[in-house]
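Next come two complexes, and both contain subunit A; in the first it sits with subunit B, in the second with subunit C.
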Partner chain A sequence: MSDLLTPGNQLTEEAGEEQRPARGGLARYLASKLAGALTSLLLVVLLGFFLFRMLPGDPVQTMTAGREVTAEQIAELRERLGLSDPLWRQFLDYLGGLLQGDFGDSFRYGRPVGDIILERLGPTILLAGTATVLAILLGLWLGVRSAWRHGSRFDRTATGVALTLWSVPTFWLGLIVLMVFAVGVGPLPGLFPTGGIRSIDPPPGLLPQVLDVAHHLVLPCLTMVAVIFAQYQMVMRSSLLEEMGSDYLTTARAKGLREDLVRRRHAVPNALLPSVTLIFLHLGLVVSGAIMVETVFSWPGLGYLMVNALEYPDLPLMQGTFIVLAGTVIVMNVLADVVYRFLDPRVRAA
Partner chain B sequence: MTTPTSTRALTWQRRARALRTGWRSFRAQRGAVAGLAVLLTIVALAVLAPVLTDESQLGIINTMSNPALAPPSGEFWLGTDENGRSVLLLTWWGARVSLLVGLAATLLSVFIGTFVGIVSAHFGGWLSAVLLRFTDFFLVLPSLVLAIALSTVLSRGVGTIVLAIGLTAWPTTARLVRAQTLTVQARPYIERSTALGAGHGHLIAKHILPGVLPLVFANTTLAVASAVIAESTLSFLGLGDPTQISWGSMLKFAMDSGAVTNGAWWYLLPPGLGIVCVVLSFTLCGRGLETVLNPRLRGR
Partner chain C sequence: MSMRKWAVGVAAGMLAVTTAPAVAPLGAPQADAQDDTGDRTVLRLGVTQSIDTLNPFEAIMASSTELMRLTYESLTMPSAEDMTPTGALAESWDTSDDDLTWTYTIRDDITWSDGEPVTADDIAFTFNLMMDDPDARTANGSYVSTFESVEAPDPTTLVITTTEPQATMLSLDVPIVPEHIWSQVDEIAGYGNDTMPVVGNGPFLITEYRAEEFVRLEANPDYWRGPAEIDELQFRFYRNSDAAVQALRKGEVDLINRLTPAQFDALSGEDDIEVNQAQGRRFYMLSVNAGAATADGDPLGNGHPALQDIAVRQAIARALDRDVLVDRVLGGYGEPGTGYVPPIFADLHWQPEDDQAWNFDPGAANAQLDSAGYERGPDGIRVTEDGDRLSFRLYGRSDRNADTQAGQFVRDWLAEIGIEVDLEIMSGNRMNELQKAGEFDIALSSWAVNPDPNYVLSIQTCDQRPSAAGTGGTTESFFCHEEFDELHAQQLAEFDRETRTELIHQMQRVIHEQSATIMLYYENALEAYRSDRFTDFGYQPADSGVIREQLGYWGYYGATPATNPNASASGTSTGLLLSGGAAVVIIAVAAGWFVTRRRRASADDRE
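Then we have the complex of A and B:
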C-alpha cells in the first residue's frame, strides 16, 4: 500500500547500495549510526518547530473564536502560550522543554501534550503491533510458498492479489470493510462495532473487557494486515527466488533430504535476511501507517490524535505527534542497522 | 564518411533500434500491456470529459431536483450523491484532478530527486556528504506525516497537495539516480571525455543524463502510482480544495454525508475502484519497464 505512501521501490536498492563495511569495530559502527540518528532527531525537532510556526491563522484567534474577549485577555493568553517572544527564544524554550520530556500544553485539551501522547500510545501499539505480526506471518508464508512453486497458479494468484491490495488506498479499504462488516449490507447484519476501542458501557470483569477490545480490534486490524502483508510477501518471494538455483540446495537434495526439509532448513533461513531487515525498517513506519486506519475507525491512537489536532488546529499537539512519529522511525532504523549487522555474518566480519 | 550530420543520423538510428527492441520486450509482458491499455483509456476519457459530458450537472444548483443518495437507476447508472449529482459524472470528472495532481507531483519529485542524485554523485566532497545525509533524513521521515504537516502549513488547495507530495516523495528517486550515476561514471568513456576537456555541464548533459534517464522513467511510472494514492489520502483528510472534485475528495464527502452508514455502496465503490485501476496500471507498466531495462528481472 500506500504509505505515501508506497515505500515499495526503495526496498530493492536499500539492500545493495551503501552497505559499506565499517572499518572499526562494533563500537565505532554503533557510534557512527547513533551520531547519524541524533542528527536526524535534531533535524526533526527543528523541522517540527519551524514548520508549524508557519501555520496560517493565529492560534489565539482560533481558541477564542465565538467568545467575548477583551484585548487584555488576548494579550495575556499570548503571553501564557509564549507566542509574544521572539522566535529563537521560543525555540530555545521548546528545546529545553523537550529535553525534560515536556512537549508543551495542548491548545485544545489544556493538558500537557506528553501525557496525551502517552495515553494514545497504547492503542496505537496494540493495533499496529497485532497487524504487523499477522502481516509478517501471512506475508512470509505466502512468499515462501509462491517462490517455491514459482510460476504455478498459486504463485500467480498470490502475486496478483498482493499487487492489487498494494494498489488500494488504505482508507478506502477501511471504508468498504466498515460498510460491509460493521454497518451491514443487504441481508448481512453489522457484525462488528463501527469504531472506537471499547463499548460505551463496557461489560464488568476483566475477560469480557478484553474480549470487548478484541471485538473492536478485528476490523481495523484486518484492514491494516490486508494493506501491509504484500510487501513482506514480495520481498520474501524475490529473495527466495535468488537462492533457488544455489548449489547448496542441489547438495542438500543430493544428500537425500526431503523437499520440505531442503526448504525449511536450507533455503528459507538464507533467504530470510532481507525480509528481517525490511521488517525492522518498517516497524517505525507502521505506526504512521496506522494514521488512516485509525481515522476511519476512530481508533483512539496517535494517528487519529494527529488528524484531530490538524482539524482544530492544535499547534503543540501536532508538533508533539510529528516529533514522536518521526522519532520512532529514526530509532527503529538504528535498530534495523544493528540487527542487520548481527544477523549477517558477512557484514559482521567486515 | 563521418560528417557531423551522419554521426547524428547514426545515433538516431541506434536509438530507434534500441526503442524497437525495448518495445518488443515490453509487449511480451501481458500485464504491462494490459496496464498501458487501461491507462490510455482512462486518460483519453479524462481528457475528453468536457466534450462527452455536461459540466453544468456538476453544479449543486442544477441538481437540486434530483433524488439524493439514490441507488443506481436507468437515469443515474451509478446512483447519486448527497446533492443529487450523478456519481458516474463525478467519478469521470474526478479522474482529471486525480491524474493531474498525481502526474504533476511525480514530475516535481522526480525532478528534485534526479537533480539531487546527480549532483551528489557527480561532485563528491562535502556537498555530496551533506546532500546524502539530507536524502537519508527525508527517506526515513514518514512521508504521510510530513505531507500532512506541509499541507496544513500551506493554504489548502490542489497546488499545495502537489507540493506536499513532490517535496516528500523525491528521496527514493535521488538514491536510485545517485547509484546509477556512480555506475555510469565509472565507465571508461567518461574518463575519455574528461581527458578531452569536457566540463561538468557537458558530462552531465551528454553522458550521465542519457545513461540515467531510462531508469528514471521506469521509476517515474511507479512513483505516479504512489502519488495518486497520496493525493486521494490527503484529499480524504480534507487538505485539498473542497470545490475541486477528485476521487479523494469524493470519498471524503461520502464519509461526511453518511454514505457508509447508509450502505450507499454506489457512492463508495466508483472513486475507489478508479484509484485502484490507475495505480495498478501504473505499477504494472512500471514493473514492465523495469524488466525491459534490467534483464536480470526477466522470468520473475
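Then we have the complex of A and C:
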C-alpha cells in the first residue's frame, strides 16, 4: 500500500544517482504518510465521540444505580456532567478542549482524563513493552531455527508449544502461573508476589527499588510473552521457508560459506521484512493486549482503566483512551512504512 | 553486515532485560519486609473493588465510602450489635414537638488529627456545604434534601430544621469534614483530598495512597473511643477475586470478602484460614411491570397487560422454588426470600404467616390461573381472554452471574404453569434504560438495604414514577399502591421506633400481597481471614455479621491480632533463599548460553 502513495515521477529520475532522488522522495513520502495519519486521527476523534454516545446506557443511571439518590440529584448530576446539553454543543466543547490538550474530566474519578491516562501509561508500557521485546526476540529466534531445520523434532516441538500457548486463554494461563510461581505448589515455594507493581513498603535506595519492580514484573511478563511470542515465530518461520529455495542461497553456499553464515547473513535479512511490518503493527496494539494480564496480576496500567470506563460508560475517559490507543496504532503504522523503506531497497526504488 | 551487529546488540539487550527480573529476588529481602511487620501489627485487606476518589463528597464506590467512614466520624453511627443508631459525634439528641427541629448535643472531647477541636461548627459547615453546592451533593445529597437549615449556636449544640418530619435523622451516613481545611477548598468537584496525611477524626487516618495499588491508614492515637488495637490498616487492590484468594492463601493479605460460594468452599478447609459466613444486607427479586405509568398516571412503555392482573403475579410468586435457588445459585449461602427488608434487620424484617406465604406450589399456581380465566392454548401456553399468549420477557444483567442461573430456573418453573418466558441477559446499562422506559415485563433486580430502610421503600411509591416528560423519579418498577403510599408517609413521620417498625411491617405485607415485587432470596456475605494473624474482629451485627463493608468502622477497629501475629511470615525467608538460588541458576545458565553463543559467533566471523 505504501507504494501506491509514492509519486510516480520518481521512476523517471536518472538511474545511477540513487541517493539524491531517494532523499527527495523521502520528504514527499513522509509528508503524504503524515497527512494520512492526521486524517485518520481526526476520524478517530469524530468516531470516538459519536460512537460511544450511541452505546446503550446512561452514565448517570450507572453512577446512581443501587444508591440512595433523589430525582433532583440525578438531574443535577446530568447537568454537571454536561450531558443535558445538546449533542452538537457537547461535541464543540469537546473539540475546543482537545485543541487545548484537554481531554475533559472523567465521570468516575472526577479528575482530568489526561492525568489519569498518563499515570497509568507508564506501568502498561513497562509491562507490555518488556513482554513484547522479549516475545519478538524469542519468536524470531525460534522461527529462524524452526524454518532452517523444518520438519525436525525441534521444529515440531517449538511450533507445537508456541501454538498451544497462543491458543490458551490468557486469563487462565495467568492464574495458573500465579498459583504455581506466586503461591507455590507442593515443594515449590511462592517465589513472586501475587500482584501489583511494587511492594507497599519499598526497600530504600534506587537499585533495590528497581529490582523490587522487576520482581513484580516477572510473572505478568512471563504470561504475556508466553501468549504472544507464537505470532512472531510463525511469521518468521514461514517467510524464511519462502527464501530457503532461493538461488542466492545456493550461490552463497557455492562460495563456501558455512551454513550458519548463509543463514544469518543472507537468508534471515531477506526474510525479516514481513516480520518487521508485523512487529510495528503489533507495537501499536501492545497497550490493549495487556488488558487480561493486567487484570490477573493487578497491574496498575491502562488496560483495567479501559474496561472500567466501558462499564460506566465514562465517556470522557473512553474517548481519551480511544484516542491514545488509536493514535499509537497510527503512529506505529507510519513508522512501519518508514522503517520498511530503509530496510528494503526495493521500496525506495519503486 | 550491520544486521549481525544489530542482532548481537539486541541479544545483549534481551539478556539484560531477562536477567534483571531474575536477579530481583536477590534484592528482595528488604522488599518482602512488608510481611515481616516487626513490632507493628498491620491488617492487610485484599480489596477487589477499586476506589474512585478520597473526596468524601464525591466518593461513591463501596471501598471509598468505607475509607471515608474510617477517616471521618459521622453524627451518629449504626451500632455494631444490631445496627440501631448510636451516638458518635453527637452524644444525645432531642426533637421539637412538631418533629421538625432536631437538636444534637456534640461531644466536646474530640479533636481533629491536626489538633484542632471538633465542634458543632464543623458539622454545620459540612451540611451547609452540601445544601449550597450541588457538587458537594454528589455522594450523599439525598440526606439533606429535606433540610431547611443547619446551625451551630454554640460549639456543642447543633440544630437541624427540616421541611417535613424526617424519621431518618439518626441515620445520616455523611462524613463530617473539618471546616478549617475544607473552607479553603475552592472547588469541591474534582478535589482529590490527597494531601497526606488526610486530616480526620476517625479510628484510622489515611497516610498514603497510590491509585490502583494501595491505601495505607494508621490508627488514630487520639481517637475518642480509644486507639484501635492494630497499628496500621492497608487496603491492597486486586483486580480479580481469584488473585485475592491466592494472596490470602499465601499470606500476602489477611482478610478478603465478596467471595463466591466456590471460593468460600475451597478456603473452608485450608490451614490458618477462617471463613465467615455473614448475613448480608442484599436481597434479590423479580421486579414485575404491573402497568408502567408516569406520576400523572399516563401509561408508559410496553409491558404485557396480563401482568396488571394480580392473579397472574401471585401465581408467578407461587411457582418459584426459592430453596432450590438458594441451593443452586448461592451454593446454599443464603436464605429464601420473604419480606422486602432482609432478616439481618431482625426487628424490621417481616415474614408472612405460613398460610399467606408464597410456598412453592405449582398446583395452586395453576389453579389460580385456571380460575382467573387463563386457559391453556394448543401449545400449552395460557392465553388471556383477548387471545394474547402469556409470554413474558425476563431481563437480567450480564455482570451479575446469578441472573443467568436464576433466570433459567424461573423460566423452567413458569413453563410448568403455562407461562412462556423469554430470558434475555444484557448489559446493566441497557437494562437500566429499558426498565426506566417501562419496556420490560419482568426484571431480575437487587438492592442492598441500609439500617434505615426508608429509601428502598420509597422507590415503591407512586410519587417516584417519572414525570410526563419521562424524566425524574427513582421508581424501581412503577409500583403504585394507595395503601402503601399512606403507610410510607406515616412511617416517615413516625418517631416511635416500635410504631414505625409496625408500619414498615405493614408496607412489606402490601408488597408481598401485590406481588409486583417478588422476593427471591437474601444473599450471604462471604469473607475469609488469616486466623494465624488475627483472632477476632468487630462483627456487625454482632452475632451473624460482616467484617468488611459495614456501615461503620467496627470490623477493623475491633480487630484482635493473634499473640504471635508474624507466624505466617516465617515461611517467607525460606522462599526467598530458594528464589534467590533459582535466580542464580537462571543467570548462570543464561550467561553460559550467551558466552557460548558469542564464541561460536566469533568463530563464524573468523572464517
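Throughout what follows, the second predicted complex is superposed on the first by the 292 of 350 C-alpha atoms of A that agree within 3 Å, B and C clash if a C-alpha of one lies under 4 Å from a C-alpha of the other, contacts with A are read in each partner's own complex, and residues count from 1 in each chain.
By our rule, a contact is a pair of C-beta atoms (placed from the backbone, for glycine too) under 8 Å apart; a residue touches a chain by one contact, two chains touch by 3 or more.
Predicted model, so just to flag it, every value in this text is computed and none were measured.
Once chain A of one complex is fitted onto chain A of the other, the partner contacts of A:D260 are limited to subunit C, with no touch recorded for subunit B.
Looking at the shared chain after the overlay, A:A226 reaches neither subunit B nor subunit C. Contacts of A:L126 after superposition on the shared chain: neither subunit B nor subunit C is touched.
In the superposed model, A:T39 makes contact with subunit B only, not with subunit C.
When the two complexes are overlaid on their common chain A, residue A:V113 makes contact with neither subunit B nor subunit C. Touch criterion not met for A:M234: it reaches neither subunit B nor subunit C.
When the two structures are aligned on the shared chain, A:G184 is found in touch with subunit B and with subunit C. Once the two complexes are laid over each other on the shared chain, residue contacts for A:M292 go to subunit B alone; subunit C is not touched. After superposition on the shared chain, subunit A has more residues touched by C, the comparison being subunit B against subunit C. In the superposed model, A:L175 lies in contact with both subunit B and subunit C. Within subunit A, the residues touched by subunit B in the first complex and by subunit C in the second are 55-56, 175, 178-179, 183-184, 194, 295-296, 311, 313.
Listed in rising order, the residues of subunit C touching subunit A in the complex are 1, 3-4, 7, 10-11, 13-14, 17-18, 20-28, 30-34, 50, 52-53, 55, 58, 60, 134-135, 137-138, 141-142, 145, 189-190, 192, 210-214, 216, 234, 236-240, 242-243, 246-247, 249-250, 252, 399, 427-430, 432-433, 436, 446-448, 450, 455, 464, 471-474, 571, 574-575, 578-579, 582, 600, 604, 607. Those residues of subunit A lying in contact with subunit C across their complex are 55-58, 61-63, 65-77, 79-80, 105, 108-112, 119-120, 130, 133-134, 137, 175, 178-179, 182-184, 189-204, 207-208, 210-212, 214-215, 217-218, 221, 258, 260-261, 264-265, 268-269, 272, 294-300, 304, 308, 311, 313.
Interface residues of subunit A, counted against subunit B in their complex, comprise 1-10, 13, 16-17, 36, 39-40, 43-44, 48, 51-52, 54-56, 163-164, 166-172, 175-176, 178-179, 183-185, 194, 238, 241, 284-285, 287-289, 291-292, 295-296, 306-307, 310-311, 313, 318, 322, 325-326, 329-330, 333. For subunit B in complex with subunit A, the residues that touch the partner chain are 133, 136-137, 139-150, 152-153, 155, 165, 168-169, 171-172, 175-176, 179, 219, 222-223, 225-226, 229-230, 232-233, 236-238, 251, 254-255, 260-261, 263, 265, 268-269, 271-272, 275-276, 279-280, 283-284, 300.
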